[in-house]
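We call the chains A, B, C and D, going by the order they appear; numbering starts again at 1 in every chain.
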Amino acid sequence: MAASTALAASAFAPVRPLRAAEAGITIGTLPPGPLDGITDVAGVAVGQVTKIEGAAGPLVPGVGPVRTGATFVLPNKNIWTQRVAAATWDLNGNGELSGAHWVEESGFLEVPVALTNTLNVARVDDGVIDWLISRWPGIGVDDDVPLPVVAECDDQGINDIQGRHVSPQDVVKALDAAATGQFPRGNVGAGTGMRAFAFKGGIGSASRRTSAAPGADTVGILVNANTGSRAELRIDGVPIGRLLEHEYLPVYPKRSAYAAHGRAADGSVIVVIATDAPLEARQLRELCKRAVLGLGRVGLTSHVSSGDLLIAFSTTRLYPREGPPNSPPAVYDEDRLDALFAATAEAAEAAVIDALLSARTLSGARGITYYGLPVERVRHYLNERPWRTNS
Amino acid sequence: MAASTALAASAFAPVRPLRAAEAGITIGTLPPGPLDGITDVAGVAVGQVTKIEGAAGPLVPGVGPVRTGATFVLPNKNIWTQRVAAATWDLNGNGELSGAHWVEESGFLEVPVALTNTLNVARVDDGVIDWLISRWPGIGVDDDVPLPVVAECDDQGINDIQGRHVSPQDVVKALDAAATGQFPRGNVGAGTGMRAFAFKGGIGSASRRTSAAPGADTVGILVNANTGSRAELRIDGVPIGRLLEHEYLPVYPKRSAYAAHGRAADGSVIVVIATDAPLEARQLRELCKRAVLGLGRVGLTSHVSSGDLLIAFSTTRLYPREGPPNSPPAVYDEDRLDALFAATAEAAEAAVIDALLSARTLSGARGITYYGLPVERVRHYLNERPWRTNS
Amino acid sequence: MAASTALAASAFAPVRPLRAAEAGITIGTLPPGPLDGITDVAGVAVGQVTKIEGAAGPLVPGVGPVRTGATFVLPNKNIWTQRVAAATWDLNGNGELSGAHWVEESGFLEVPVALTNTLNVARVDDGVIDWLISRWPGIGVDDDVPLPVVAECDDQGINDIQGRHVSPQDVVKALDAAATGQFPRGNVGAGTGMRAFAFKGGIGSASRRTSAAPGADTVGILVNANTGSRAELRIDGVPIGRLLEHEYLPVYPKRSAYAAHGRAADGSVIVVIATDAPLEARQLRELCKRAVLGLGRVGLTSHVSSGDLLIAFSTTRLYPREGPPNSPPAVYDEDRLDALFAATAEAAEAAVIDALLSARTLSGARGITYYGLPVERVRHYLNERPWRTNS
Amino acid sequence: MAASTALAASAFAPVRPLRAAEAGITIGTLPPGPLDGITDVAGVAVGQVTKIEGAAGPLVPGVGPVRTGATFVLPNKNIWTQRVAAATWDLNGNGELSGAHWVEESGFLEVPVALTNTLNVARVDDGVIDWLISRWPGIGVDDDVPLPVVAECDDQGINDIQGRHVSPQDVVKALDAAATGQFPRGNVGAGTGMRAFAFKGGIGSASRRTSAAPGADTVGILVNANTGSRAELRIDGVPIGRLLEHEYLPVYPKRSAYAAHGRAADGSVIVVIATDAPLEARQLRELCKRAVLGLGRVGLTSHVSSGDLLIAFSTTRLYPREGPPNSPPAVYDEDRLDALFAATAEAAEAAVIDALLSARTLSGARGITYYGLPVERVRHYLNERPWRTNS
């Protein structure tokens, strides 16, 4: 199937994302890092594969249209041998984050964190194994065997999800190409087919430092935003969802089975949290809970049908496969931890808003169109708050 | 020690609380019940004992001044035999909610929910046992034995917490006097000595119906608000905490050991959730999580030193001690559950704000004064939002 | 690669397993069902695919020898629409049981339970999706999307695990062929390459009724036994492992990287528990814990490297995808539950012993041979206990 | 009420317990420490208060007869400032282990572990607070406030449980007197009124070293054994419970309300695990699970009415209240951990058997008598096993 080039061109956000600051939106009070993204945490690499194929139109199960992908977050490029402290947590468990048993048991992460659509979990998992074997060929021979971490959201609205269009080969390429530095957001990778607050959703990211001082800790968050009903949306405390309750709604085909189906299209959010503070698993689990407080500020209520799953890791608390750890001393300072909690809540709130700001209008399967957030309208409402001038 | 009458008079909120609506504050979009409190859930009774003794001034450990109390929530007046489905959950576990093992194991609650200060948990627990034996004298003779549910917050700032001034006898009286209908909030019961967002905190309550239609479900919440740093506070999305960051701060005695101590005075929030929807424990746990989303909207980040513990129960899903249950059918309708989730998040947000609106300036141990929220200032900021006129 | 026919023939246990009773071994005091297996629970079907290819000899990663497979347990043949109450639990989480988040959140199971080797989880997961789509083509079109439940043990000792030799096509065939009634155990399905207590391990099963009376509840258990060090093994309380501590040990190639690797070959046990009692998830989780008490009786200590994961379901407590449930009344009778607990502990103990009794000596990758339990020796030791004559 | 001196004299076990070794019983293969008790872990102190008052006879609720007490385990004598890594876990949660939220959240323990009867939890808790304030008078003044850890079992069978006969003053005395070294077991402290496997139960203890080599780690366990039905009991794999199924059963008063009550008297086991290995909370939780495997070997099935709760701590992984930790390096060696797991399972099995061996026949409320295990009968059965001569 030939790619619908015109569509694809406009569907991608630019590499330099439309950051909140550029839209006149300031979430919270703590300073973001230079990239306002998860890659502000040194060493963290992101790789993505985006599959946009076939013009918008009727769904042919197993064929197209294709509006999907996968996103990978690597705490470091040698994650199999340079394991990092980690923890998972779930707000609502109608979803998958495979490999969680082992992360929870061990307190560390030894594989990339992968995000994709619900039915593509297995093929992405298989691809992660291929990549790991390509890098560490002793796996299963004279080395241990991995349990990949793959999380999913459901993009069946505008994507042919039965087709499982992300192949193991796509995964290997994306992992090989994963890089530190800035990365695209919005309709990319696992976020390609997502919908959030009835706008186009997808990949968002943000970071917060615990202070502007040198040596402050950084928390970086990447989300795949595929959740929320319109009326719930709040941006920096302003009830944007209610103000735009009846505008820019997705257009569904009339009398379709899909429209009747309805609830199954309800969605989820996956949250990946990175920090350079040398936290242990117990503390990283607390970061997951603080991210949920940030999700609350965006207006999320997390539905029965939501798979709202979180994973957090520290890039500096290490569990080498061989030899003793050489990590910085563990964090016992409560003020430092509380500042990390505040940074996490703010970064989570900002990352979801970033997904909405970065995503662009996209049409796909069944002729459904998800509209991008009308940024100028949002800016208008936010600027109306008189106390902003003196706060 | 004689009660400081003048203080006590102004320290109590009126029985009819200063509800959010009266202050021009509307939290969320769902309708509150007639009392905007946990007692809007039919059958739920509240009893409280408030101990305000001794003029504000130096702390004499074990003697006074006394600024404390206890608050009891009864799902029904025969809770030992008319057990109700229940679940607990914790956002941050630096606190106590005794009896949680058995609630979690059984999925039901068979005792009152008691709230008090940290060192008074044991005496309140003992009083709950006294009261249960007075009502059901076969306990421990030819009947099972109870495991009381007692949650705590730390009021050592303005209260002589070493004194453990709530006696088992106080508990029996408060439980005997517990009643349905409206009840006082603010500086009452367990909330007497509390501090929230560096304002006077305490008992708050709110309720939300899932719709205005007859037969809609009700969620009622009672909180003991003793947490939050000033800058975090948001009221209906407006950053009130930042706008009042340097005003109405507590006055601490200079050079005191207590001031140096500092962090230990950091606080917690206890959240009690009631609903008349016949939810089972699994679903009630989800209500706890949604209450946390509401706490996030108030700006909470939940500190290392916070014991932010939640318990939820259903007044209509019953587990009688003898004989088969006679409950309404369990809830399988996802839309109904999602509406309950939204109601819970809103009621939690509103209950914390209610605590701030209901509490009054109070001085106590060490001469510390906690100031009540300046309601007019808050109303002013909230009214400045131009979109309120058309939303 | 041509199958090593001679090996394969002897490697399979007969369809009628060598049941404990036939070996003169009676585990516990409760009566087994007629099949002494998980399929004694009415409606439960088992399907298996066994892959034994290539003569025993050097490992060629990605090629062979192949000693692996997959085993499927279906609570009923329409599991996607006829969902059953379920719960999971883990004794030690160094393993995978995918789909657990959703089972835990929902309290039900809507997919087959699949068992395979560690690196084959993804391809088995993909095959389960294929099979589900083949049966319910609306999946992802106008129906919800599944999250497969796949558990693994590591068979890298005698199997080319890198090769991931169980294909999605194999899975579809095995699921189509899954049947009620007796089924083979030992070196079959996911058990093909397993090792337990340094003997040949694999698939074992047992059942216990809560009494001999008509209408008694049944608990059936299937395990994939791949764990335990030799000295730990106890059979019906007799320390067989110590009595046979230095005999029938696996023969490893000298100076091989694998021998140096060592610990990575340590293993796990997966436990699948079925009951016809209409238990809800909360109660099924308790069955998982009681199975662990049974594992304790076999001598298991569950190592750091063990993925000892459990899942339990009820075939009669139903959660239909459409329409209200039509289940028997929930179980509130504590005596009935306690009897189910006892039956579960006994069935778990018996199922592990059944795996050892059913498995046969097998050689594979690297020329390693795992020896089958010497049944006559065991019978001899068990018969020596004088109190057996009068108990 | 005057103490029934004759009864009391025979009801106590001697200070030097009748250890398993002296009864010819060897549990497991690892070497016990010199005391075969929890105090083999250096620094661990035990204090107990035993209340035996009133001759056996009719129950007068609130008056007597009294057959109860409390037992305290201190990881060290400065536990409030010298906090130790800790974790809790529950096999079945029909019981109380207060303070668990904070232990779980923090990963450490800062108070003594207290055991008593169900209705006495509050008064013991209050006494622990008294003792802590007596030692650290800044508590609640310029220091933090404690959340006591108190676990309970139900002794309402032979004890007037309504009377709550252990006072805060008793607790202070017992904690002041707590000592390292050997300590009495059986009908002492919290174990005074207990019943296990329908024999007299109570306090039991055991220890295991991970090897006989100098520098090996030690695991010490103390249990309060109040659980198990007769037929379940296995001692070192021998089905003693079945062999003595109809002998030495408790004698209940006929036609009493209590006999009809029945199930409420079903019991629990509390397990306290100490180790000198510098394990962190995550690993200590795993020790709790391994203790459960040991309980399985004794035949326990853990009933619906059981509060089978566990707590584990490390005496060498420290969290000082002020200043940085000065602990030995954390344990990453899997072999060392596996050995600790094996030691824990064996010590738990041995500690329950020790409780049975140490307890003596005791009569109390309602004229009920619990009989001590007939040690000679047990020794006879155990000696009959022919393989013992060569294993």
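One rule holds for everything that comes next: contacts are C-beta pairs under 8 Å (C-beta built on N, C-alpha and C of every residue); 3 or more make two chains touch, one makes a residue touch a chain.
Everything numeric in this text was worked out from a predicted model, so none of it was measured.
Two chain pairs, C-D and A-C, are weighed by contacting C-beta pairs, with A-C ahead.
When you average the Cα atoms of each chain and compare centres, the chain farthest from chain C turns out to be B.
Note on chain placement: the centre of chain A and the centre of chain C lie 36 Å apart, centres being C-alpha means.
One finds 48 Å separating the Cα centroids of chain B and chain C.
Residues of chain C found to touch two or more other chains are 92.
Residues of chain D touching chain B in their complex: 59, 61, 90, 92-102, 104-106, 118-119, 121-123, 125-126, 129, 133, 137-148, 152, 154, 156, 161-162, 164, 256-258, 260-261, 264, 307, 309.
Residues 29, 91-92, 231-232, 234, 236-239, 242-243, 263, 286, 289-290, 292-297, 299-305, 334-335, 337-338, 341-342, 345, 381, 384-387, 391 of chain B are the ones that touch chain A when the two sit in their complex. Partner chain A is touched in their complex by these residues of chain D: 107, 280-282, 319, 324-325, 329, 332.
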